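Chain lettering (A, B, C and D) follows the sequence in which the chains are written, and residue indices restart at 1 in each chain.
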Amino acid sequence: MKILEAVNVYKYFPIDIFGRKKIRAVDGISLHVASSETLAIVGESGSGKTTLGRILSGLVKPDKGKILYKGSSFNGFHGKVQMVFQNPDSSLDPSWQTYDIVSEAMNNRRKSLDSVAEVLELVGLNPAYITKYPHELSGGEKQRVAIARAIAAEPEIIILDEPVSALDASIRAQILNLLLDLQEKKGYTYVLIDHDLGRVWHISDRVVVMYAGKVVEEGKTEEVFQDPKHPYTIMLLSASTSNIPKPKINVSIQGELPSLINPPSGCRFRTRCPFAQEKCKVEEPQLYNVSREHEVACYNQF
Amino acid sequence: MIRKETLLKEMNEHRKTIRVATWKAFKRNKISLLSLIVILSVSALSTVGIVYSPYNPYQPNFSGALMPPSLAHPLGTDWLGRDILSRLIAGGKYTLGLAFVAILIGATIGTFLGLASGYYLGLVGTIIQRVSEIFLILPTLIIAALFAAVLGTGLLSTLLAIAIPTIPVYAKLVHSAALRVRNEDYVEAARLLKKSGPYIMFNHILPNILHVVIVQTTYYMGTGILTVSALGFLGLGVPSPTPEWGTMVGDAKDYIFSYPFVVFIPGILIAVVVVAFNILGDGLREALDPKLRRLL
Amino acid sequence: MKLLEVEDLSVEYHLPQGKVKALDNVNLTIDKGEVVGVVGESGSGKSTLAHAVIRLVKPPGKIVEGRILFNGKNILELSDEEIRKIRGKEISMIFQDPSSYLNPVYPVGFQVAEVYEAHENTNMRKLNGEVVSLFKKVRITDSEVRVGSYPHELSGGMKQRILIAMAIALKPKLLIADEPTSALDTTIQAEILSLLNELKEEYSLSILFISHDVGVVSEIANRMIVMYAGKVVEEGPAKRIVEEPLHPYTKALVLATKTTRKKKLFSIPGTPPDMLNLPKGCPFHPRCPYAKDSCKEWSYRMIRNHEGGVACAIYENTGSS
Amino acid sequence: MLEAVVNRMLQAIITFIGVILLVFFLIRVLPGDPARLIAGFEARPEDVQNLRHLLGLDKPLPLQFVDYMLSLLKLNLGISYKTGGPVLNEILARLPYTAELAVVAEAIAVFAGVSLGIIAGLKPRSFAGYLVSIFGIIGSSFPSFLIALLLIWVFAVQLHVLPAFGAGSIQQLILPAITLALLLTGNIARLVKSSVIESLSTNHVTTAMAKGLSDEKIIFRHILRPALSPVITIIGIQFGSLMGGAVITETIFGWPGIGRLMVDSIFSRDFMLLQGIIVVFAVIFLVVMISVEILQTIIDPRYKEVYKMK
């Protein structure tokens, strides 16, 4: 069942006062998230994946297109989508104690010491933490409190924006385990935004690969990782140092993400693509199905 | 099972620790502590001055004019034989009182405008900021003089002349501080929890920029006193014979060649109080700096 | 042939809240042409180590003990002028966040040319050609144009290449790389790593490579050192450490990267140590799944064999050679 | 770049119109009738009415404003109520005095402030460090009239080395210029000091050290140059306090500049003149601000980006 859906969404950010120059952060994207699955959105920094995450959460209104929650479009916030942010230092109000932070997410009826303690228990913190201010917590503990706040709101969907990137290596595993655990217990739907393919391989069911504001490949994680169809996906896979399936062909890395103000004509990846043809300059490849649940936007076939 | 009562108590206890630590950090700086004492005692004297002063501050006594400091008149007498100490005590309510009330009014209005324009970035915010910029083009003293010119000299016009130019200063300051906080993820998280704009403004943004406002207000008290006395000195503020300190200096300035103490005593008192406010501001800035919390 | 020998190095930071021992009796050697990786989390002292080797520890930090022998000379005993001559020429350094390590108000070409100026007294004007060819060496496209660019006009990867160009300009013997890829995208990281690998061959560079990421270090290092709370806890060939880590902490670091689909990762409890209040005995014992009571009393000791060592009580009774 | 400058100019013109609007309506909307004020409180109502008509004050306010704006385009600031001469001429006659005073004071302040700030920044616990604090306290906390009177007392009354009043000779310039400079020096010195300290701890200084650059080059190229860019900004910002200070200083020293002209215009209820002076202040201030911003982009290339983002 599709729980959240983006239908052809666009988001441009103007950067001069006349609004002539715009960063085309999200440039016509459609995707869906199924109930209780983990959808990963991957791409380099500047690919627009964070903006897409914010659009899905409702924090950013798309210029064009719709976000559908259980099939109907919504305006404003409904509390069913919560978010866990990348930077633990910024995600908790420094003048609030843990109790206040977590109970803020609860409605007045449920707000009580017991229910806050219960939620803290779920994220692996003992009740004594309710007195603490954010500056008294370590990075991992802050992230646990942030997760506690998200689940205290009784969401259905949690958007995880690089949830462990800012944490120390030995803490990352704790948080990832916690997230898997919570999903198992509560059946949350996750949207994981991450640049690390190891983590995506580890916890996601489906993956969307973004490049310069567009989706270039989408499908079941196993299928995309083991049989990547887009040269950009192949490039990302070969660059990773994590132990994930290595692609059969090697695409050497070259160049950097193009400017999103003046993206290249045709296929946006062509400037870095070793297989680019004349056609790629002229016409933009559209997503097509290579198998039932695996789509790619490329003229080449691997 | 949770020890509910103890936890709740601990939470409140713990809330106090930040206040206690801030006070300790402040106390460590002896000079700012001294400044606080200076400010409190001068304010206390000025409050007393509303009902009592050793001599009548207005009553001339020509036989005892321009007497140097003595036991009877610790700070001497002026050209009309009025006791300078009594005049200073009675004048505090004008110089300090006017600055205090005016800055408080200006700061409160300015803070709310800045907060609103920092959170609601739309048209309202832009208008508030543009109007503030227009005010900020002109130096405070010149705007104050302009108000004095239009409204005439007197208590109320001096009050307005100080309070109104203060509004845009705070609107601008709070606006930029609020903008920084607004982009923090915890504000986004609150929006995802369906919280309203005013709720976020008062519960998440204001508490985190309050230290900026407090420190600025301490500094601005000094600026306010300087403006009140400068207007008084120029004859555009509280008119003589009211013993507003700046007016006292202005009225006495011709005696600088023969009886300099008549000029310098009120002048130096102004300087001492303003210095104290500025040092207090420095001390508060250090003690209230949220970065310090990490070190506690 | 040993290029760098660090012996019993200790660095302390005197902070308002107390004293922090950022490095506690650290020993380390680097041979000519060798790449040594230092792995640890934030606060483990790895970055302090990098700065100490080139004597750039800033107050409130202070080197309190130890020797750093570079080509047999103790760096800590050199005069300021002597160490200045070594910096940038014999030992050079690249950093984590390339943006802040470049001066925003000068063109990048100028900043690279400064290295020549500092050590060879060449006139700046004559250096353009050398800088351009250096830019080509680190694979910067449009090098002729790029020498005139300002840092804010360049991407993170490009800036890191410029810092690398600066570092290799005078063909130094030792390159210290302090988390050179942590701030970059995976794709750019892979390129920087392959560039460093290439330069290492060409210049027979020795590299001290600091990172929090075991995966990245194993791509480039011959030997690896694992640090925890200012101490070296394990040392040995990179391949061995990744394949059979000995110290429980190393195990945790390595196993945390072994992702298997949808399975729980091996994880250790607790948080990185508070450097102001280190636990007694082995600093890792509060988080260690194998900790015994005796670990609270354990005093630091490295059990060595010919190719490395481990500092853990578990291996003390097994009679490891 | 050109587009950015044009943008900035447009913004400045809008702000400028805003300032005129503010001053214009303030003078007319607030209680107090210029015609009544000029004629005096004892004047007969008919006389006041006549005067009002003569000055165009009986027209609707917006129309008056349009009239004023149109005459501004022709560089006509109106007629002084008191002297009957063009306001612009009155101002132009006084402007050179204020300019002389301001430029000399600013030059002293920049020279003293920058050198003290640099020394204090490199060695915070030195004598220069304490001097910076003292100048800072004087500049931010002493009423300008007190500084002026203290200087007069020391140099004119006690030492008899400098004249206390008047304008025309260099000796007469010294005291007022020092008074104004004292208001500014502390701020500049404090700012330079803190930006040198900040600059010292930046990562690119670490890079410069790691390169093996000599200490002199590190200090001059990598510490001082970035540290000095805020000085230009503060010169612009201080322009306001300079003008405020000029009002007091010129009054005390009998210096015939526009600061004193302004005080005189207030006392003589010459609102056309007062309005004109403030308009001129605003123009000068905007010109200073824009020049500062342009200078800033030349010195620090990052500002170009900031420009584009505005």
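Rule of thumb we're sticking to: contacts are C-beta pairs under 8 Å (C-beta built on N, C-alpha and C of every residue); 3 or more make two chains touch, one makes a residue touch a chain.
No experiment lies behind these values; they were computed from the predicted model shown.
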Greatest number of touching C-beta pairs links chains B-D
If chain centres are mean C-alpha positions, then the most distant from chain B is chain C
Expressed in whole Å, how far the mean CA point of chain B lies from that of chain C is 52
Note: chain C sits from chain A at a C-alpha centroid distance in Å of 31
Interface with chain B, chain A side, in the complex: residues 57-59, 76-79, 81-83, 85, 87, 90-95, 97, 99, 101, 104-105, 113-114, 117, 127-128, 130-133, 135, 146, 149-150, 153
Chain A partner, complex, touching residues on chain B are 2, 4, 7-8, 10-11, 13-15, 18, 184-186, 188-195, 204, 207-208, 290, 293-294, 296
Chain C partner, complex, touching residues on chain A are 44-45, 138-141, 168-174, 176-177, 180-181, 195-199, 201-203, 221-222, 235-236, 238-244, 253, 255-257
Chain D partner, complex, touching residues on chain C are 54, 56, 58, 84-89, 92-93, 95, 97, 100-106, 111, 114-115, 117-119, 150, 152, 163, 166
So, in the complex, the side of chain B touching chain D is made of residues 130-131, 133-135, 137-142, 145-152, 222, 226, 229-230, 233-236, 246, 249-250, 253, 256-257, 260, 263-264, 267-268, 270-271, 274-275, 277-279
